[in-house]
Structures are given as C-alpha cells and as structure tokens.
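Next up: some structures, all given as structure tokens.
The following pair of complexes shares a single chain, chain A, combined with chain B in the former and chain C in the latter.
Moving on to the complex of A and B:
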C-alpha cells in the first residue's frame, strides 16, 4: 500500500488573468504554472528550484489545494483535492501543512504561540483522555527545542524561532506532507542550518514528506532527495539530487549551478558553463519554442520553433531540451 | 525594539509594559468630563433632586439658583416648572444610551458587511460598494425625517435609523482592514490550518483590527449624538414624556430671550460631550495606530 505516492500532481496548470486597463477589454494572461507533473513519495523530499517568477510558489499552493488549478489534478493519496469543499477540505488540512518564508505572517500577532498550537489541536479534535491539548502542545514545542516558549508572543521570538513554532504546529497536527515555501531564505546562515537539520530530523522521526521550494541550491542539496528545476512555469529538468548536481543536462540547470558560489573545487561548474544573462522573459508572452531560448547559450534553430518535451534521460532523470547531450561547442552556432 | 535583545533566552516573560505617556491637560479634562457625564447618566436617579417630569406651575421659568432663582433648582426651571438640572441628567442618560445603541448597531452592521465583502469579494463586494454609493447619495437627515414620519415614531425605529447613519464608514474600514490582513498572510495561513472562516474572522482578524474599529467608533459617536439631538429638536426623535438633550433645546428655543438657561444648559452639554469624545478619539487613534500595525 505504501508504494502509492503520497502526492501526485498531473498536468497541473494555473493561469492568472489581469485586466489591462479601463478601455482595454483584452486580458493579460499569465500561465504561472504550465503542465507540471510530479509525484512525491512518503518520507521523501522533492525540491522545486528556479528563479523568482518561475512558478514554484504557485506550484506549492496548488499542491496543497490552497488554490484550484486551471487544469490538471492534484491527488493526496487517492483523493482529488479540487473535489474537496467545505468541511472535507478543512479536515484535509490536518494532513498537509505549509511553512512560509515570512514566519511572522503565519502566526497571529496577538496570540501566544502556545495558544495558537493548542487551537489547532482543538479544532482538529486531536486531544484525547490521555493527552490533553496542553500536553500535545508542550510535546510539539519540546520537539522543536522551544519547550517553555508557550507564553511568548510571535514578536518576542526571532525569525528562526518563529519558523520552529510553525514546524511545531505542523507536528502537533500530525501532518504528513509539508510544503516549505522558502522556509530558510529569510534567516541567517547559522539559523538556516538549524531549521534544515530540524526538518531532516522530523522527517526521519515521523516519516514526513516535504515539497521544498527554494532558490538556494546549497540548502536544496542538503535536504532533498530529488530536485525539479522550474523555468517560466514549467519543469525543465527533474532528477535525483546527486544527478542534478553532478550531471546537469539542461543548460538552465547548469547556469543555476554555476551561479552558486563554489566553496570546494569539485562542483565548480563556472569554469565550464557561461552564466546566463538577462531577465526572465514576460511570463504573459513566453518565447516561442523552448522557453529558455532567449537566454540559452546553446540555442539552435529548432529551439525557436518547437517546444521540447520532458524526455527520459535514463535513471529517473528527465529533461526538456533539444540539445541534451551536446556540448556547448557543438550547440552554438 | 528593546525586547528583541532578550529573545535568545527562552523563558516566559511578562508582556513588556507600554511606556505610558500622561495625556495633555486638554485630553485629561475631556476624559474627566466624559467620566462625569457617564456617572451622571448612570446615577441620574440619585443625582436628580426632582423627577424629570415633575411639574411645579408656581415655579415656571425661574432662573438658576446662582442667579438669584429659587433654592434647590441649580439650573432653574422650564416653562412647566420642571427642574432643568434634573431633566438634564436624565436627558444625558437617554441621549447617551440611544447614541451608543445606534453606534453599536451601525458598527456591528457595517463590520459584518465589511467582513462579508472582503471574504466573498466579487458580487458581494460590488453589492456593498453599490450600497455605500446609495447611502452617500441620500441626504440622511431628510431620509430619517421621511422614515420617522412614514412609519410613525418608535424608539426602536429611531435607534435603527441612528445605526444606519455611518455604517458605511465601518463597512469600508473593515473591508480594507480585512483585505490587508489577508495580504499579510496570516489569514491564508489560518485558512490552511483548516479553520472555519467564522473562527478566522471572529477570533483572529477581529481582535487584530479592534483597535482601529474602536477609534472609528469614538470618531462616529459625536456625529450620532448630534444627529439624535437634531432629530429630537425637530420633534421626530425622542417623544415626551421621555426627554433628551435635543428635545430640551427644542422646548427651550421658544424662551431663548426670556429664559435662556432652558436651551443653553442642554446645548452646552451636547457641545462638551461631542467635543470630549472627539478629542479622546483622536488621542486614542494616535496611541493605537502604532501598535495595531504590528
């Protein structure tokens, strides 16, 4: 029974519509997420990486059912999340939680953190005769190393501590899936390590699954089992973490890796791949053909006309690039 | 932020006390006046030497005792020989009760509509703004006169009308505050915790915006007091044998030249009450705005 993935997203798309102005009836359509498919196993961490505006956060919200997809299906176990409404949807929240980049925005500023965790426990009816909601709250705080902080207000805690409170709250709910939306990017490096280590530890203890959204590849390398690289709303490459870092196939992935400041010489891609230049194109009018063609160092005629599909590169490694396997010398014109 | 420094040690600490500044003389006297007015209203039966309808036709239109009038009538008597001071404290009681009830109705109604509009957006939002425009296009005093004349006068209708005056301010305020609370993210976070919207708005958003609402209430209250007085003055508010500040002015108007105290005493009370509430409201806004934004 456990070979069924915890979460599957199939051909997920989400468009946003904006009015252009008072007298312009045409709408600006932004496909924030376009035809994204992935599966997340139990006790697994899948990282979503990409620049700002690549659709990572939208994918995270879609995965939790916090936002309805324009098309496509998200299934938690076998349950289609877009078919849940009202009470059933609220009940499903117990299984899946989100940890936000801005830890202060996830907490009510006027309530003590202990009361907020207890509230979650009582709303979902998790307390029983043996364990009062207060016991469960204290347990959860102890687990994240903040035992005794229950009477604190969010503003009295540091960003890292608030993030741990958010994790404690998800633990108190006994969530199985946690979407982490840039959970450490607002924190100091030393605090980042604490949070990442806490997440890994809780995964080992409770078998949690994480969808880990980040642009920080060093953190991703540390925490994730698999990595999906997103560009302009699409997954362009997906593979095991080791594969992505040691054998990146897509030129965008290579560029991202090259942009990581290298500490040890083993992963110094910068000597081999040129950094990409320019800005992310306007997502309302993505380039024809391959979306990356405007910035790709390997761009070829076919890239301007045909959009590459995700193709199997062997060993659970998929990539969407016409030029896969070509070196940059062979690919450039 | 002085409490940021002690964060590293995780021990429960008391809430940091707010540094309390002593309000200025003007604000202090406004607060003092409101306190006295509230006490007068509450203890009207104890304070008043006479009943508010006790007539004594032998003592008609007598000046206040400090101007040589009869002893025991501190503020003189009116055209039926009723004690002005006694009527004043009872008028204050009725006027304040009605103004506060009207304000609470308006604040409750407006807040509810603001929440609904901000929660459902779309059609609900547009309906609200249409309703607000509708309200803005109606001269309220004339609308109130028409409603009271048409449906007949009753205290219930009168209070409801006062409640309708100014509800749109609360609706607009609450809608904006809820929308910005949604932007702040904790509403989305709470929604994702599986909380019912009623719980989210009632137990989390409302306490967070209560400060701003309270300020708005204090800013609206003087307007309602004056509206109540105006309608009663015109004879469409509180009806005799009950009494109110506006009613007293209305009665005293005819004797302005010969017995000015019958109109001036309630007029002064209306003026001072409205002014004091406004001053305290302004002060409250300055004090609360900084802390509500956290």
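Moving on to the complex of A and C:
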C-alpha cells in the first residue's frame, strides 16, 4: 500500500449549456460543478452531501470519467483520466464502478442477474483456467449474501436485493473505487441498514474506496470518514466526519444538520439553529459574492461582494465562509 | 359523610376530565374526530387477493397529529385512500370509518364529495404530479374554492391568494399566475398544502408530504404543518416511512407492519420504550445523528407477501423472539402500561 491517494480531483469544473430558444442566441450556462478539489484515499469513504442541484452527482460522474470536465483534472492512481485511451482506459475503468439509486434501471430486465455479472466478467476478460466466469460470478453473489440467486431476473428481487446485485457486479470487476450515488435512498429503513452494513463490510474486506453521494446526513455520519458539503457547485466545507457533525463551521452545514429529522432528542423542533429560509437559487445566475448569502443568517456586506475561498481551519478542516474569521492563508486571525 | 362523597366524586370527575385528553387510544369514541373500526381492505390482483389492510383500528382526536409509520407495502397509504373513498371499485372493504360520528362507508358518493376536500383534505407525496401541468395554479385552487364554498371566480382567486400567504408562499399574488413547472418542488408542496387548507378542513391527511424534498425544505414544510395545526386547530394524519419525520411532528404514533397496526403509543413513550420487536428494530435501524459504533442493527429478511393471510403473527419470520405460538396464533392489539397498545405475544418487558 502506498500513501498516494487513489483518486484526486483538481479544480474540477463542468458547465452545461442550454439554448434559450430558437430565436434567442444567448445561451443559458449552468456551472454544475465549479472549482472542486478533493482527494480520496485507499479504503476511505468521502461523502458528498448537499441539496439537489448542488452538483454532487455531476462531481461523481466526473470522478469516474463518465463525463468530461470543462476544466480541471481527475487523476486515478496518478494517471490523468482524460489522457487514457483504449486498453489502458478500459483497464482503469474496470476498477472504478458506480452504484445508482434506482437499482431496477441499472440492471437489464431481460437477463438473469447471474448472466449480467458473467457478461461483465467476460467483457473484461477476468476469467482464467482456474476460475471460470461462472465461478467468479457465484463468488461475487456469495459475498453479497445472494448465493443461488443467479437464475433470477431483476424483477423477481426486492429493491434491497437488486442493490446487492449491483454491489456484486462491482465486486466481480475487482473494483477499487465505487461511486455510490444515493445507493440507499430508495430503500426501507431496515433494508437500508443491511446495505450500509454490507458496504462497510466490503470496504474492510477488499479495501474499497467509496465516493458516497447522499442527502441523508444520518447515513453519511455512519458510513463516511470524511465529508464534503456542496452548495451550488462548490465545496463549502470539508472535514473529517466527526468534525463536520460536532464542529460545523459553515452556516450552511449547520443548517443542514439542524434540518435532519432525527429520532434522538437533539433535533426535536425549536432546535438551536434556526431553519434556513428560501430555496436553492437558480444555478444559471448564482448570487454575487458568497453563493449562500441569499439564505445565510450571518450575511454581511463583504459576503455580497467577495466570494470566500476555502480556508484551512486546522486539522484537515477547510471552510469557505467570511464569517468564520479565517484568512485564506490558513489559521485564525 | 356526604360532603366527603361529593368531594371524592368531584375530584374523580376532574381527574377523569384531565385524564381524557391524556388517554391514548380511542376508548372515548365521541371525542375522536375520526375512528377506524376493524378496517380491512382486500384488493384483487393478478396473483390473487391482496389483503392490504387487516383489522386496523385507529382514532384521531380533533387537533391531534397522528403519525403512521411503516415500510413500503405495509398498507399505510391504502388506509389513507380508504378514508377518502379513493380505492378502486373492486376493492373489498370491511369495517367502519367513522368521521364525526358518521360512517363514511354508508354515505353516497355525492355525500363523500362534500366531505372529501372540504372536511378531510389530503396532500400527496409528489406535488408535481398532483397539480395539473397545463393550468395556472391560481385557477386550480380557485376551482376547488368555487365548488366547496360557492364563491365567484374573482372572490375565489382572492381567497386562494390568502391561503398561499398562509402557507408562506413568497409573492403569493404573482404565483397564482404561474404554471406548476415554473415552481420548485418545495413551492409546489406549499401550494398543495394551501389548496388542501383552502376549505379549512377538520382533518388533513399528509401521505409522505416531504419525501420528495430536500432536508432543508422538508424541515420548512414540517414546521409549517406544525404551525398551521396550532393556528387552525385541525387534526393531521402524517404518513411516512421515516421515523425521524414522524417523531418530530406527531403526538402519537401508530406503527404498521404487513397491513396491521402492531403498536400504537404516545410519541415519547413509543420512542423510549418500544414494546413490539418490529418497532424496536425500526428505531435501532434508523441511524441517528449521534455517532454510532459498529454496524447498524438490521431487521433480517424482508416484508412478507400480503397474498393470503399468514397463519400467525406476520412479523414472526423476521422476529428474534418468535416461537411456535407466534407461528400459530395471530396476536391482537392489547393495551399495555403507559396507555400503549401492542400486538405481540412476547412484547418487550414481557414476563410470564
């Protein structure tokens, strides 16, 4: 094992262009991801959290090379993904898999789940004399607790079981990095816990790294090592999970935490932090200065004019907010 | 002697009067705004009859918020549809649905339309699909007010604006001219709630009202519902799969499993001292915001099929305490201490 991160994303941006209409030549530009930088270590889980429209799914797709960034670089094991082609690309790509929220549309409805897993094994030529593709497939199914389900069709399985199949398929390809895009959001609580436990177990066994995209902070607290909070395409705070939950610095992070409907008494209504008002602004015309200024309870004049940069709050904790009293060069004033 | 007797009598009466609102289950039917009495719903399907709701007895008092929680397929939405007579014609319904003393099942369909929307209103999960995409939202709200209150279009539109103000839609008057696609999900849900409230219902049924929304917007909508309940004094049945959402808003919680109510208690009691192993599993499996150590507690297996009736307790195949009695005899809801009701042969704290 080396200490180099498995995946690094540097100054990643992605814009989408929309035509405003047949006779309007001006384009609407949405910067879905704007200047995002992060690193993901081996056997580490980095959670991306934020409201819908914050750019977390786009970041996940960029990290896998499923989408080309407008600018910025993604490096997987020190290789620039945009420079990889042909066999090299396919070889790296095999180790980078994705699990989606809707498991029924991620699987082929007309193929048995066993055949689908065998197919990816043969496409990537993973079988050899000792291990036939069938053996490898059975192995993968066993690991997710669905041994013997190989002849079933996706529709015959429950949502939780289908999500297990998606995990088995990623394992069969010897994935090292899995981008999980809201993998448990569509599941019932009791099943959700099973899948979260399975993901943790597989990580411990195979040293997997997860980029875990979720809006549910309760699951994130349980599964991730570090958390990046995104707002309108930017990372506004990033820290170790414990830090984010116990010592959140950005007012948006605090608001997100206050909004979590938890069973524990801590967040019963009349919570300490008032709920933030309003909704996510139009990403095509983000507010000037700090993007959160329109909803921020702490907003000052400077926030309306200058966009805060990520500043170091010590101990791997970075935050982009003028009101934390941190200068951009790090350390408190 | 007689004074003492009178005093005792008076004290007793006072105590009883205090006790009534504290009493949990619908043992005082005349106080209940809505009471379901052994409600059963059977729906035909390709594979046979689905017994979606089994002998559900619940009550909601005026001004109270009842939370109904359970996993998908537990029958919680079917109960809501049954209350509003929205089930398909081929559904077989048994039991009684008493609203203000009248059995809604015996009322003609014309009579129901006078109650549905006016006295009992409903908010659904997906606000975008609940609104007509090709009509302005103001016109849609006004339609409802014109039908139920008999106002002119102009007056109904003014009334619509008033209710959008009430649900804190910013710039309510301008929003009336918008089409649903111009509004965000959170705003649409506010409009749906405003529309539901426009006839000042006595009971609001909210079926997963915040499931499609972001947490920040969810928190806004939940606190809005709480405020409106206090202001308007209406009762709410809040249905959700998220125990956290239910815990924050409800006075009382009914836990459903496989078409049955398995436990019912006041919120604090249920969360602190769950009696049914399913409730306990549900609470333990819900990750909290507090730090956790080790794997999450899971409930093994998955929900049983509702085709045909299980011979014993429906939860038995997933229950760690189940024995052969559970496989043979279905348990019934029975009162426990603290005014809770539980359907389990061996509830937590059970001793022979």
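We take it that the second predicted complex is superposed on the first by the 314 of 333 C-alpha atoms of A that agree within 3 Å, B and C clash if a C-alpha of one lies under 4 Å from a C-alpha of the other, contacts with A are read in each partner's own complex, and residues count from 1 in each chain.
Methods note: a contact is a pair of C-beta atoms (placed from the backbone, for glycine too) under 8 Å apart; a residue touches a chain by one contact, two chains touch by 3 or more.
The model shown is predicted, which means the values in this text are computed figures rather than measured ones.
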Thinking of the overlay built on chain A, is A:142 touched by chain B (first), by chain C (second), by both, or by neither? neither
Touching A:279, do we find chain B (first), chain C (second), both, or neither? second
Which partner chains sit in contact with A:158 here, chain B, chain C, both or neither? Use first/second/both/neither. both
Give one of first, second, both or neither to describe whether A:189 is in contact with chain B, with chain C, with both, or with none. second
First (chain B), second (chain C), both or neither: which does A:219 touch? second
On the A-aligned overlay, A:260 touches which partner chain: chain B = first, chain C = second, or both, or neither? second
On chain A, the residue positions that both chain B and chain C contact, one per complex: 158, 161
Taking the touch rule as given, give the residues of chain B at its contact with chain A in the complex, in rising order. 3, 7-8, 10-13, 15, 184-186, 188-196, 199, 204, 207-208, 294
In the complex formed with chain B, which residues of chain A make contact? 64, 66, 89-94, 97-98, 100, 102, 105-111, 120, 123-124, 146-153, 155-158, 161, 169, 173
Can you name the residues of chain A that touch chain C in the complex? 51-52, 158, 160-161, 188-194, 196-197, 200-201, 215-219, 221-222, 242, 245, 255-264, 266-269, 275-277, 279-280
Spell out the residues on chain C that touch chain A in their complex, using ranges where they run on. 71-72, 184, 186-187, 214-220, 222-223, 226, 241-245, 247-249, 271, 281-283, 285-292, 295-299, 302-303
